[in-house]
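Take a look at the structures below.
Heads up, the next two complexes both have chain A, just with different partners, chain B and then chain C.
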Partner chain A sequence: MLHSVNARSPWVRTWTEIRGNKLAFLSFGIVVATALIAVFAPWLAPHSPEAMQLVEGRLLPPFFMEGGNTSHVLGTDATGRDVLSRLIYGSRVSLCIGIVPVFFGCLIGIPVGLAAGYLGGKVDEALMRVTDILLAFPSILLALIIVAFLGQGIFNLMIAVGLASAPAFARIVRSAVLSERNREYVASAESLGSATPRIVWRHIFPNITSSLIVLFTINFASALLEAAGLSFLGLGVKPPTAEWGAMLADGKNYFYDGWWMIVFPGIAIFLVVMSLNILGDSLRDALDPRAAKR
Partner chain B sequence: MFALVVRRLLFSIPVLLLLTLVLFLAVKLVPGDAALVMAGERATPEKVEYIRQALNLDKPWYTQYGMYIWRLVTDFDLGQSLFHDRPIADLLSTAVPATVELGFAALVIALPVGVVLGIASAVFRNTLIDKAATSTALAGVSMPIFWLALILMYVFSIQLGWLPTSGRMSDEALFDPALDSVTRMYTLDGLLIGLKTGEWEVFQYAVKHIVLPAVALSTIPMAQISRMTRSSFLEVLGQDFIRTARAKGVRPSMVIFKHAFRNASLQIVTVSMLQAGTIFGGAVITETMFAWPGLGKVLVESISSRDFPMVQSGTLFVGCVFVLFNLTADVLYGLLDPRVKKGA
Partner chain C sequence: MNRRHLGKVLGGHFGLLLAASVLAGTNATFIPSVAFGAETPREGGVLIYGRGGDSVSLDPAKETDGESLNVCDNIFDTLVQFKLGTTEIEPGLAESWSVTPDGTSYTFKLRPNVKFHDGTPLDADAVIFSLMRQHDAKHEAYGYAKAWNYWNDMGMNTLVKAMTKVDANTVKIELARPEAPFLANMAMQFASIVSPTAVRKFKEDFAKNPVGTGPFKFVSWTKGERIVLDANKEFWGQKPKLARVIFRSIPDSSARLNAFLAKEIHMMNQPTPDQVATIKQRRPDASVMDAPGMNVAYLAFNVQKKPFDNAKVRQALNTAVNKDAIIKGIYSGMGMAAVNPIPPSLWGYNTSVKQYAYSIERSKQLLKEAGFPNGFKTTLYYMPVSRPYMPDGKKVAEAIQADLKKIGVEVSLSTYEWGTYLDKTKNGEHEMALLGWSGDNGDPDNFLHVLLSGENTKPPAANIAFYNNTRVTDILRQAKTVSEQSKRASLYQEAQTIIHKDAPWIPIAHSRVAMPMDKRVNGYVMTPNETRRFNTVWLAK
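And now, the complex of A and B:
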């Protein structure tokens, strides 16, 4: 009995799907590995990410090239900082500026979507109009404006990317609520005299969790890309903080002398974003058949 | 149909007004004295005072807002850029054509490639072709544009030396933008010059400059168009009339290109129209990367230099364009699908 109840939980279904699909499992592994690297960065990184070697050791190539050595496996950058260590430490900031905004987007988007879907009428109309406007706007522009007015910096960057991702959550939660709210279980809860917040939280919300898991994964990918892009433009983290997008920005002026400065951080971003996208796609196919058809 | 357009147009007015209000109030979020922030740390008190006066920052916000809207509506006055010290309308009039040119070039690449990839993977569903096409699309949405741009530059400009890394026109070209540019889109100008004089040099330079940024910019819309094409094609291919066509012996190529394509084209057109958002979002980064003097680059610069009037007016402009694009997508949808037209 307990088993059958568990099997229906969206978390369990998510896990079952990941385990059953090789590609999804690999992607999941990459994301988890990156997260572990981020957590254990101080133990994994061979050097300090900010230690410069200005006299000797600038622009050392990776170990497999002539002139490189195994002390700096992926080479050093223009100020002699170890690229591998910066990548490892950079995963902390990069993952953070990818995932924190999505939580933030959920925090705003989910209540808005729940309210619009469940209350309907004028509330729905008003909330969805605003959401429509925000959705029509390119999200990076939205983020740029917010950074422009709040000022540059990592915290404002996260707020900006988060606000830009909120409308998508509001939309999807609303449509999920609309399709759930006329079900019999809601009517029966209502007739038993449950209060509205309780119905929404205890009855409707668990039924849209799988849509949310999917949306969260896909949004994590796009938020990571967007945040890295903003930091690449110099609107996010400030030097000398190690972050993948900012590392690319540092490397872009050293094409001739140090291709490794732009190749490795790029691969890191690409791998994580691609893994999240694969994960999101396969979860959507499995958990959310309605969305998969769209 | 007409009524629908009018209704949608009327509806855009409050949307745009709301946008101006939000952009306007955003300046209030600026920590500290806005005039001081805009003028910069080393500004003279006179300059700060000048900005305060020019933007009416010493008056209550509703007065400021009223004056802003009034000037906007009566004189189309978008204000003055603080950083460039020029009318914003002037700056937009050169930046916007550059972005349009680049965006259009990107769409010219993205649309055919995306549609072909999408159709191929739908027709050869679950084969190697499908896998290759969907992986390409997946890589396209996962690729950071700025990274792709760097790699393109490294390979095609630095290693091979085929294409330039930045700008819109070579210095060697006998082309003075101020005199020779009619459309302000250099490829188009080059084409016109070529047709008129038989000298294709300008056109060649313009095309060489636009190739790399356009390719970089095209990846995400290409991927999205291909995904959309695939799913709408699969939907159409599963319908009865396709089975009927096949059963009565219509050639397979006919079934795909005539029966299925016409029906799937509806969604393809709409999705492509809505790519304008993605393209503009990408243009912000691509233009900065390739030193392409378009709207995206101007906006990023105005943010770094705290040129708030420029940020406001630039964004307002983009907002108007988006409202227009969404409207066009809706109208096209109606034109292509008789059921929607009737419903309206």
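And now, the complex of A and C:
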């Protein structure tokens, strides 16, 4: 063999790992399928997600139950909107409010972590104390405070969840940088007179991407869950936008006679979050040299 | 909160002004007979009443919210009271009263031998103490509340001139001017008679240790959880059959439903219409009592903001909302589409005013005439909580949003925490807002003057449409001073005609109020003013 496993690019290793692990492959499939559903929602949804039927057609059960019909495969909600169509359109919002905040969190967390880890000293001290303060709040509480401050709405929700996930990124990037900065290749770059930003971006950063891919996947899952939670609490999307967490909140008063209103969005959230977590786990196995399978 | 400013004037009970109690001197009951079936009422038992929130305090003069006042309903009495299940006035702690012909001096003769729960006697001093503590800034107990809201909101602070003790059992109250609704005011909770001994003993904490003359005595209060009351066997009226009543707070509505289905509570306050359907299906052993509520749910346009300063726009939006679908789909039929701001059960209701018929074409035509052929963008505030008049503000808002979309009006929905919501709407920050009103004395003034008079447009305003039509304001003011009910009724009818044409609101619904209860609960009477009194109630084995 010319290459050791660890010498391959993290993306190649990621793909190899996913293909080799049935559970991870299934999870990957679910995430990709959800993304495709989100993209092609207008063609896939049988009804408009906002079309109400207040007079006839409220609380229709799923097709397999008595009283249900195949026009509304998963039934209708308390205002007669098609649950399946809302789930399909909801995947757009739910995936967005899962992924955008994580990018946002990266955008803040990675530079902070890089700076703290590489520069050390007072900079590290200052940045990490701020991070500590933010980490001391449960992230959902932090997001709640931010939403309360900025007001309700999808955009604010994404900012809130993103800001709440930034400290975790900063922390992990910093520790990854700390373990890298004393390696020989950094020392050699320094001795060659490279500027600090160049060392950080060109030498250190590529070596911590594997940790970041894992963190990104796991955080995607938790951001999605958190956003659903905030929507459930009524702080997320504005009605009548379909979103899985908001659908759960709408359905909770119909626990007895409209179980389909909570069960289906619940399953959707569960499937995507679980898939992302499994993916994250198997990626960690693949990318962490210390945890790698031999 | 929505029960504040409960009408500065009411009336329609002038016929009673000179009346003396038919039942004076007896200890008989004034409760309308209730069909108890073949069973004889059982003594004893503990009734558990599940409700959506805890009381703020238990001093009936301090608080304005239903959850506080409904507990006080059982602990305290008033000089005169609303006959159970009606808004008619009947003797309470005063067995008779008289009024001078000029209408400015009332003399109340107290029922003899009535004792407070702490054993002290009810006398003229106690009556004067209870009322003057809210009135006289120099009174020893005046400082025990931050504000005596109701007293001031009802205008009692400027109305009452003097209160004097004629003898141990007679009180004379002199007014600055004649006021038709004075007697009805005296039947409202804020005019409850409290034990002066207890107030002196507990000071501010009287609100946590209430002592009155009512059918139940206060036992304990676990904040956020339960309030326990025991029967007062010495009660002067219909003696309670129950040994104990427990008010349990279960704020989450689905948790409250679960508690009822699991038989943890005997009665469930404020179920949503869909929950009523669930209860009927899941607990066939329960009964659901319901009665038309004395209420209205409405959408208020902020007429001071464009484009709602244009009556054509307001009429167009009125025409675009399919109220029947809202009643059927969101109220589950537990209500009726509102035409006027007052419910049809009130005297003075104008039956000749006709609903803006639902028509998208007509609505588009009106919008075009108003200069908005392509519609416009606006916002609608919806209530975050369920109220008796509106079970689900969010769904109503979504339905209205969908309706208005059809005429090109793009509505964005917003909501806030309930206290903030009331503040924002009172300050006129909204363009359109959903709100409602539960009246509790049966006078049209209680709705029309409070909610639509130009006098109430100064923030924090009760008139959240900020509707200021001088003609309407004049009529409403005039209707306060006239004493004859038929004249007042025609004034209110005229006001409704103008209001309908100006359309400052979309009146949405008058809801029915439902009370699911265990089949074992007997003798409960629903009241139009949403009081909860349990001395007629008994629990079967």
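Everything below uses one rule, namely that the second predicted complex is superposed on the first by the 281 of 294 C-alpha atoms of A that agree within 3 Å, B and C clash if a C-alpha of one lies under 4 Å from a C-alpha of the other, contacts with A are read in each partner's own complex, and residues count from 1 in each chain.
What we mean here is this: a contact is a pair of C-beta atoms (placed from the backbone, for glycine too) under 8 Å apart; a residue touches a chain by one contact, two chains touch by 3 or more.
This structure is a prediction, so every number in the text was calculated from the model and none was measured.
**Student:** With the two complexes overlaid on their shared chain, look at chain A and say whether chain B and chain C clash or fit.
**Tutor:** With chain A aligned, chain B runs into chain C, so clash.
**Student:** Look at A:Asn277 in the shared chain and tell me whether it touches chain B only, chain C only, both, or neither; answer first, second, both or neither.
**Tutor:** first
**Student:** Please tell me which partner, chain B or chain C, touches more residues of chain A.
**Tutor:** B
**Student:** Which of the two partners, first being chain B and second being chain C, lies in contact with A:Gly105: first, second, both, or neither?
**Tutor:** neither
**Student:** Scan A:Leu225 for contacts with chain B and chain C and give back first, second, both or neither.
**Tutor:** In the superposed model, A:Leu225 contacts chain B only, not chain C.
**Student:** Which partner does A:Ile269 contact after superposing on A: first (chain B), second (chain C), both, neither?
**Tutor:** first
**Student:** Does the superposition put A:Asp257 against chain B (first), chain C (second), both, or neither?
**Tutor:** Only chain C is touched by A:Asp257; chain B is not.
**Student:** Kindly classify A:Pro239 by the partners it touches after superposition: chain B alone (first), chain C alone (second), both, or neither?
**Tutor:** second
**Student:** Let me test your reading of the model: by the given contact rule, A:Glu50 touches which partner, first (chain B), second (chain C), both or neither?
**Tutor:** Touch partner of A:Glu50: chain C, not chain B.
**Student:** Who does A:Ile133 touch here: chain B (first), chain C (second), both, or neither?
**Tutor:** first
**Student:** By the touch definition at the top of the document, which applies to A:Ile145: first (chain B), second (chain C), both, or neither?
**Tutor:** first
**Student:** Quick one: which of 189-197, 423-431 or 495-503 on chain C sits on top of chain B after the fit?
**Tutor:** Stretch flagged for C-alpha clashes with chain B: 423-431.
**Student:** So which bits of chain A does chain B touch that chain C touches too?
**Tutor:** 234, 252, 255-256
**Student:** Residue numbers of chain B touching chain A in their complex, please.
**Tutor:** Spelled out, the residues of chain B in touch with chain A are 15, 18-19, 23, 26-27, 29-31, 138-139, 141-147, 150-151, 153-154, 158, 231, 235, 277-278, 280-281, 284-285, 288, 299-300, 302-304, 306, 308, 311, 315, 318-319, 322-323, 326.
**Student:** Quick check on the complex: what are the chain A residues that touch chain C?
**Tutor:** Going through chain A, the ones touching chain C are 50-55, 58-59, 78-80, 152, 234, 238-240, 252-257.
**Student:** Can you list the chain C residues touching chain A in their complex?
**Tutor:** Residues 253-254, 257-258, 261, 272, 274-275, 277-278, 281-282, 322, 324-326, 328-330, 384, 394-395, 397-399, 401-402, 412-415.
**Student:** Where on chain A does chain B make contact in their complex?
**Tutor:** Residues in contact with chain B: 129, 133, 136-141, 144-145, 147-151, 221, 225, 228-229, 232-235, 245, 248, 251-252, 255-256, 259, 262-263, 265-266, 269-270, 273-274, 277-278, 281, 293-294.
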